[in-house]
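Common to both upcoming complexes is subunit A, partnered first by subunit B, then by subunit C.
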Partner chain A sequence: MTIENKKGWIFWFNPFKYGTDRWMYALHRLTGIVLGLYLMAHVWETSNILNGPVTWNKIMVDLDYPFGVHYGPYILSAILIAASYHALNGIRLTIVENGLLLPKPYRPEFPYKPKSLKGLNNVLKLAVAIFMLVICGIGIVFIFTGAIV
Partner chain B sequence: MEGSDMQEIVLKGFGEVVKTITFRIRRYDPENKELPKYMEYKVPIQKGMTVLDSILYIKEHLDHSLAARYSCRMGICGSCGMIINGKEKLACQTQVLELGKNLIKVDPMGNYEITKDLVPDVSKLFRNHETVKPFIIREEEEPKSEFLQTPEQREEFAMFTDCILCGMCLSACPTSASDELYLGPQALAQGYRYIADNRDLGFNERLNALDSKHGVWRCHFSGACSEVCPKGVDPALAIQLLRQVLTTNVFVKFKQKGTTKAPERKSVSGVS
Partner chain C sequence: MRESQLMFLQYLTGLLVVVFGSFHFLLISVLSPSPDKILYAYSGTSGAHVLVGGTLFYSWVRAVYSSLIWGSVLELLLTFLVFHVFNGFRVVLSEIFPGTRADKIITYALVIVALVVFIWGSRTVVLALNGGF
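Up next, the complex of A and B:
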C-alpha cells in the first residue's frame, strides 16, 4: 500500500531553500490572495454609499480607526505595497513566461546554475524592486501626509 | 537502534572518520498501517561519504529494514532523489560533510505516493513523460536514410536531452504540490525538446496534452525545478520557450523547420 505524500497548497508559501524566483512566486501568490480579499471588501465598503451619508461617514471612520486605533494609513500602505508588487511582478512574469528576455538553450556546465533564473530575468527583478521603491515611496508619503512628492 | 558498539566499523575506500552525524529519516512501513514517523540514526562519517553511503551504512549496520531507491551511485540513473535538509537532492551526489550540519533530515520526495520509507512511487512521472510522446514522430513508416541536422539545430534542444528522470523537479514544483494532474516540469521540458527538434513532425499530436488545463499554462515560473535539477536541464526555461511556441502558434501556425535527408543508404551486402 502506498501512502499519499502531497506537499499541498501550503507548500506555495514555503520558498525557503530555493531561489529568488521561488520567493517572488510565493509573494505573488500571497499578494494575489490579499488583493482579492481586499477587492471584495472594497466593493462592499463603497457599496455602502447607497445607505446614505451617515452610514457612509461612520464606515469611513470605522475603517480608518479599526479597534479604535488609527491604523487606516498603515493598512492602505500595505495594500499599496501588495498592489505595486503584484502589478510590477505581473509585468515581469508576462515577459519571461512568454520566453522573452530569457537565454537561448545553452550547454549546462557544472555546478549547473540555471541561467533562465539569471541574466536579463535578474535585471527585470531589479527593475521591479526599483519601481516598487519609487511607487511605494511616493504613495506612502501621500497616504500619511497628503503631500505629493 | 543506535548501535554505539557499531561505531567502530570503518568503511573501506573512504577517508578517516571525521565526526558522528545524526540522520533523522522519515520511515513508513506499508505493512503496519501507521503514519510515517521519524527515526534517528547516528552514523560515523568518513571523509568522502555521501548521504547515500550513510543510508547504506544504516541499512547494513544499524537497521536492515530501511528502504531507499538507488542504483548507479554516481548521479546517472536518477533513482536516489530525496529531500535532504528540506531540498531535493540526489543522495549519491550529496557529500555529508559539505552540508555542514550535525543533524541531517531525510524525507522521501514529495508529490509522489510513498511505497516505503524513502521510496517514492514514481509511476506518475513516467506516465506524464509518456503523455507528451517523447520520441520523434515522422510520417514515413520506415526511414531509408538519416535525417540531417546541423550542430546549431541540435543546440536548440541539446540541453534538455540531459534529463535523467530523477523526478526531483516534480517534487520541488509548487504547482505539482497542489495539482495532481499537472504534467510537471520534466514532461513539459521533454515536450519542448521534441518540438524543438527539426526532425520531428509531431507538434499537433502533442498539442492536446501540452495545451491543456493541466499542461503548460499551469506553470508559474517559480524556478524551483531548475534550482534542484541535478543535471542543469533548466526545465523552467524549456517550459517558457514552449509557451512562446504555443502563443505564437495562435497567430502564425507553427511549422517545423524540417530536415534534409541524407542520400539513401545502399547496404554493403546488397540486402537493404
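Up next, the complex of A and C:
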C-alpha cells in the first residue's frame, strides 16, 4: 500500500498553524540530520590517527583553520548547540511520547485540549531550554578560551 | 524487525548515546590526558599555525586511544550512534519516499552505509588500541 506524501519534507517547516511542539519537532529532525552527517565526517577525521603524527596534526590544524580562517571554534560551537538540543529534546520526547509521568486517564471534556500536551510537557520544554543554556554556556566558553567553569 | 521494536531501540540507543556522549565530552575537556586542558595549543609565531599541544595533539589522542577503557567507551558509543543515526535516517527518508518498495531500497542502502561507517570506526579503535601502524 502506498500512502502519498502530498506535502513533502518542506512542510516540516510550516509550524505556524501548530505551536512550539511542531517547531521543536522540525529542529529535532534538522539537528538529527546534521549530527548524522557530522558523525560520518568525524569517523573519517579520527581514523587519521592511524596515519602518524604529521598527518594527524596537519588535519587538526586544517580543521581548526578551514580556508585559512579560524572558523574551528564556531563549527564546534554549532555542533555542541545541535547535540545538546537533540539530546535534551530527545530525553523530553522519550518521557512524553511514551506517556511516562502523565496524569491519570480522564473523561474528555469540551474543549478537548489534551492534558498530555500541557503541564508536564511545558515544564520539560522549559527544562530543555534551561539545561541548553547551561551546557552551551559552559561548552562555548571552554571551546573559545579553554577555561573550564 | 517490527517498526515498534525498532522505535524502542531508537529510544534506548538515544539514552545510551546521551550517557556515553557525555563521557566523550568530558574526555575532551575535564578528563583530557593533556596537562593544559585546552583543545588546541599553537606555537607563538603568528600565521604559521603549528600545533604544539592541547587535547587534540597527536600524542594525547594516542594516549586516549591506547587505553582499553576509553577504547571500549568509544566503541560502544560508535555502536549505539550508528544504529541511532541510520535508523533515524531511515525514518526520515521513508517519510519523504513512502511505499514498500522505497522502504526496502532505503533500508538496504542505509544498512550498507551504516556497516561501512561502523567498520571504519571500529578499525580505528581496534588498530589504535593495538599500537597502530
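Of note:
Everything below uses one rule, namely that the second predicted complex is superposed on the first by the 129 of 149 C-alpha atoms of A that agree within 3 Å, B and C clash if a C-alpha of one lies under 4 Å from a C-alpha of the other, contacts with A are read in each partner's own complex, and residues count from 1 in each chain.
In the analysis below, a residue touches a chain if its C-beta (ideal position, glycine included) is under 8 Å from a C-beta of that chain, and two chains touch if they have at least 3 such contacts.
Please read these numbers as outputs of a predicted model, since none were measured by experiment.
Touch criterion met: A:Lys17 reaches subunit B, while subunit C stays clear of it.
In the superposition on chain A, A:Val43 contacts subunit C only, with no contact to subunit B. Touch criterion met: A:Pro103 reaches subunit B, while subunit C stays clear of it. When both complexes are overlaid on chain A, the residue A:Gly8 reaches subunit B and subunit C alike. By the touch criterion stated above, A:Tyr25 is placed in contact with subunit B alone, subunit C being left untouched. Subunit A uses residues 1-5, 8-9, 98 to touch subunit B in one structure and subunit C in the other. Chain contact summary for the complex, subunit A toward subunit B: residues 1-9, 11-12, 15-22, 24-26, 28, 93, 96-100, 102-110, 112-117. Taken together, the subunit A residues at the contact with subunit C in this complex read 1-5, 8-9, 29, 32-33, 35-36, 39-40, 43-44, 46-47, 49-53, 56-57, 60-61, 64-65, 72, 76, 83, 87, 90-91, 94, 98, 139, 142-143, 146, 148.
Only residues 28, 30, 33, 36, 85-87, 108-115, 120-121, 155-160, 162, 171-172, 174, 176-178, 180, 196, 219-224, 226-234, 236-238, 240-245, 247 of subunit B touch subunit A when the two sit together in their complex. Looking at the complex, you find that subunit C touches subunit A at residues 11, 14-15, 17-18, 21, 25, 29-30, 36-40, 49-51, 56-59, 61-62, 65, 78, 81-82, 85-86, 88-89, 92, 95-100, 117, 120-121, 123-124, 127-128, 132-133.
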